[in-house]
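Input: structures, listed below.
In what follows, chain A forms one complex with chain B and a second complex with chain C.
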Partner chain A sequence: MSPELAVADGTRRVLRDPAALPRLGWTLVAVLLLWPLLQLARFRPAELFDPANLAAMGQFLSGFLPPETSPDFLTLLGRATVETLAMATAGVALAVLLAVPLGLLLTRSLSVASLGPGRGGCFGAGLRILARGLLAVLRGVPELVWALLFVRVFGLGAAAGVLALGITYGGMLGKVYGEILESADALPARSLLEAGSGRLAALCYGLLPNAARELVSYTVYRWECALRASVVMGFVGAGGLGQLMDQSMKMLNGGEAASILVTFLVLVLAADGLSEKLRRRMA
Partner chain B sequence: MKAGVSVGGLLAAGLVLVAVAGSFAYLELPLAGLFSGRVAGEAAGFAGRFFPPDLEPDFLARVGQAALETLAISLLSTLLAALAGAALALPAAGREGSKGCGARAVARFVLNLLRSIPELVWATLMVLAAGLGPFAGTLALALHTTGVLGRLFAEALENAPPGPAEALAGSGAPALVAFLYGTLPLVAPQWLSYALYRWEMNIRMAAILGFVGAGGLGALLYYSLSLFQETRAGTVILAMLAMTIAVDAASAWLRRMQG
Partner chain C sequence: MGFSLTGVGLTRANGFRALRGIDLRAAPGERVALIGASGAGKTTLLRLLAAALRPTEGRLQLLDSEPWAVRPAALRRLRARIGLVHQSAPIPPRQRVVTAVLAGRLGQWPLWRSLASLILPVDAEGACRELARLDLAARLYERCDRLSGGQLQRVALARVLYQQPELLLADEPVSAMDPTLSELTVALLNEEARRRGVTLVASLHAVELALRHFPRIVGVKAGSILFDLPAGEVSDALLRELYASDGEVPDREEIPLAGLPPLRCA
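Presenting the complex of A and B:
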């Protein structure tokens, strides 16, 4: 039955969505594309109800209650939580150290060579392309892969996680710092440079006053992401809560897993709230 | 805007410095050691073992298969998450017929729960529930992404102007039609752009879920590293890099198409 509309002159017009046919076509194309994807991902929901899997999951989940609360385990949990927080903070600090010079390198409005008429320096343009490529490689490899590699160089522990976070997040922050500085009003910095001031002064008095809030806000957001990432670093042996979780999962100890999951939940929600509050205050 | 630096700003900067210094001290990071010549040489030697990447045809075929699997995991999980996220966002935004406060609170709680458990933890759980393989990875990514997308979708719904849907509902359209023709066209571009953004994240996650046995390139990387076949690991890492860059480009292109 198609919907109808009573019009003032008494006739009834059939309403039809004029875009219906193309939409139907695109949906069909999507479904056709979906089929090979489902095959590739071996999408078999029936496996969820396989008796063996159900039994393993059921046994594990039934261990969740009650969560493990023995004093020994809680001390361990507390230490891992502090370690996770410290890893995220130290990792983002390293990332900022890496990102600031690269981000500044990307900022065209600080280029002295492009002042005045003419095409500007080839050297600077080449350097910018190099920096862009370096940043893409740094953030293109996931942080867990970096962590897995660093664990082999520096041994098990938080150092590998911190370095991995520093490198991946350095790549992301550098790119975004460059974009924020580029999109800020270039006129103040430009006029400072044209009046003969140095690049540092042009950055501090020309660009930063307009861009600082956004830069800080994005860094806080990345800290929140880093916290979530460092929670799982332990799965490849890089310390923190993940390592505890990995051990409990491997031993199918549901009670410990439940305690750790609750800690995750509290930690992530708290970081979320804190970061949102900070960013709202700055916005 | 005030000139000069405020007391609050100084205080915040001081706190951040203290937190950073405290973190480094707590972790006992041998920072000086990290930048020493010996460690640098060791790291360079380690990196050198990954080159040249193993390009043997048999292995390349396996990498290609795993890369396709990774792509399928990321696409399917994002699609599933977009559908489930939209379904949960409707009650979570408290619009379109669901007047009950209870439904809203429940939907928000579910979204928060899904979102705050990391993908990798979901993956270890799903490997138990669905067995080793890409299906577990798809489910794990879909669960976490549902939480993230649901929240973003709900925010977009809350910010959309209610006028068109109210006009449709007022003239007698059923709730579903009012939503489809009144609200959805307003939020669809934003929803699509959020979904594309999560796809970019999910291709990265799909590449590493294999570490816990959930299929894709990660499993291959984990095996090659465990067997000390660094040249093979190098190939897999290059494949991961190529995939993430390709997906970023595809997503940027789709965004531009959508205008």
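Presenting the complex of A and C:
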């Protein structure tokens, strides 16, 4: 029974949540939109459990066992792992160098112009649009395409991967840095700007103490993504574990592929642990 | 020196007239208390005096320069000479007390010095000296989120003292402190202004505190100045007028319920 209200003029009205109907409506709209999209993507989960398909998958997966553990291969694997780590780390470092200035440009809470008079808000607004556009271009082109481009310049190897990662991830980091800084409490930085401080000093004293944890954990997460992305780029010859994986797959050597996958798992777990440790350290 | 406002008004973007027709002048070394009901425009007035807000009408002169007529770099230098103690301390909770206090001089320090101070505080002694005046020297290296509200407010005050501004402004600087501490803190602000011969403007909720410590009282009501008198001439009648809402204070029964019948859940 819905709660009812006794109103003095004698009529009884149902005490209804005015937000309920719109919520129901939007849920229906979402479902109606999602359904044709699923159809378009030919998403039919039942096929996963078709006995013939299950057998085919089982055969494919059984080729992965047991993982390859010969000393020769492990040496190769070790070298490729170090190369992948180097590629991801150098790529993310490059990305941070790109992202920091662009992200700062995006941050409205550091705008001296909003406190007046500056060179007029138009100049800053134009610069922000420009930076936003540049970041979109950087991350809009997938790293794989950048890698294909740079392999033609640097030849096969990690250098192309580093540059491709740096550019795409620079675009992602810049956008998210800007947004993290903007969602942090703006009051401390603003009060410093009002006391005559410069923008960079206001950033370091007013915004970073609140935002540093988010910035660090997002950067570490992107590093973890870069480790995984380096596999895909390895397939186009950008070096590291990916290239090794490509070779193993081409030679239908499932055992080697399994060892490489295990290595990946360990790397991702390590990145996760590192992020957790850093976050706790900065709490 | 000091400041002068002539016919200053401020209309917000939404059309609300926060301040109108403000004429106010203070000489160097003068100490002024702003009193008035919440929402009367005390904070807006202080932010105008801090060159943080631009008036939409009238003429504003701070420390012998016109903040909104000069070049951006000159405005920055001017702002570095004005210190405003905010109502709620604008300090990031994860910052250490020493850093929060040293931040007072960011407007005077070159960038390299500001950045170096983040790694190793360049003037821990100076910060400690200001904190000691507020009885907080022992908390120098503690993080600000370990402090109580009143302690945090005193850290924010120490920051502005460390800034050594030529125009000292304070917006409800004792709102989170107990009566004894409020008394000491307001006395300290006055002593600082007297000693360095700078102009002090503070808004206060506690009227007796204002009357006891400040020679000049400015009453703000609904965006304009109701009276500007020496503390001795502020009468009870004036204070009643200052704090009364427009017209009579309506009794509970008289508040119209917009024709709504009383609600009862069945």
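Operating definition for what follows: the second predicted complex is superposed on the first by the 198 of 283 C-alpha atoms of A that agree within 3 Å, B and C clash if a C-alpha of one lies under 4 Å from a C-alpha of the other, contacts with A are read in each partner's own complex, and residues count from 1 in each chain.
By our rule, a contact is a pair of C-beta atoms (placed from the backbone, for glycine too) under 8 Å apart; a residue touches a chain by one contact, two chains touch by 3 or more.
Computed from a predicted model, the values in this text were never measured in an experiment.
Q: With the two complexes superposed on chain A, say which partner A:N53 touches: chain B (first), chain C (second), both, or neither.
A: A:N53 contacts chain B only, not chain C.
Q: Give one of first, second, both or neither to describe whether A:A90 is in contact with chain B, with chain C, with both, or with none.
A: The answer is first: A:A90 touches chain B but not chain C.
Q: Between chain B and chain C, which one contacts more residues of chain A in the superposed model?
A: B
Q: Using the superposition on chain A described above, determine whether A:S197 touches chain B (first), chain C (second), both, or neither.
A: In the superposed model, A:S197 contacts chain C only, not chain B.
Q: For A:P209 in the superposed arrangement: first (chain B), second (chain C), both or neither?
A: In the superposed model, A:P209 contacts both chain B and chain C.
Q: Touching A:L37, do we find chain B (first), chain C (second), both, or neither?
A: Once the two structures are laid over each other on A, A:L37 reaches chain B alone.
Q: Output check: A:A158 vs chain B and chain C. Expected answer is one of first, second, both, neither. What do you get?
A: first
Q: Please identify the positions on chain A that touch both chain B and chain C, taking each partner from its own complex.
A: Residues common to the chain A contacts of chain C and of chain B are 3, 209, listed in rising order.
Q: Contact residues on chain B for chain A in the complex?
A: For this pair, the touching residues of chain B are 1, 19-20, 22-24, 26-27, 29-30, 34, 39, 42-43, 46, 68-69, 71-73, 75-76, 79, 112-113, 115-121, 124, 128-131, 133-135, 137-138, 177, 181, 204-205, 207-208, 211-212, 215, 221-222, 225, 237, 240-241, 244-245.
Q: Under the touch definition given earlier, write down the residues of chain A that touch chain B in their complex.
A: Contact set of chain A toward chain B: 3, 17, 34, 36-38, 40-44, 47-48, 50, 53, 56-57, 60, 82-83, 85-87, 89-90, 93, 136-137, 140-142, 144-145, 148-149, 152-154, 158-159, 162-163, 209, 228, 231-232, 235-236, 239, 242, 245-246, 249, 261, 264-265, 268-269, 272.
Q: Which residues of chain C touch chain A in the complex?
A: 50-52, 54, 68, 72, 75-84, 86, 88, 90-95, 99, 103-104, 106-109, 111, 114-115, 118, 163, 261-266
Q: For the complex, which residues does chain A have touching chain C?
A: The contact residues of chain A facing chain C are 3-9, 12, 15, 112, 115-119, 185, 187-188, 190-192, 194-198, 200-202, 204-207, 209-210, 212.
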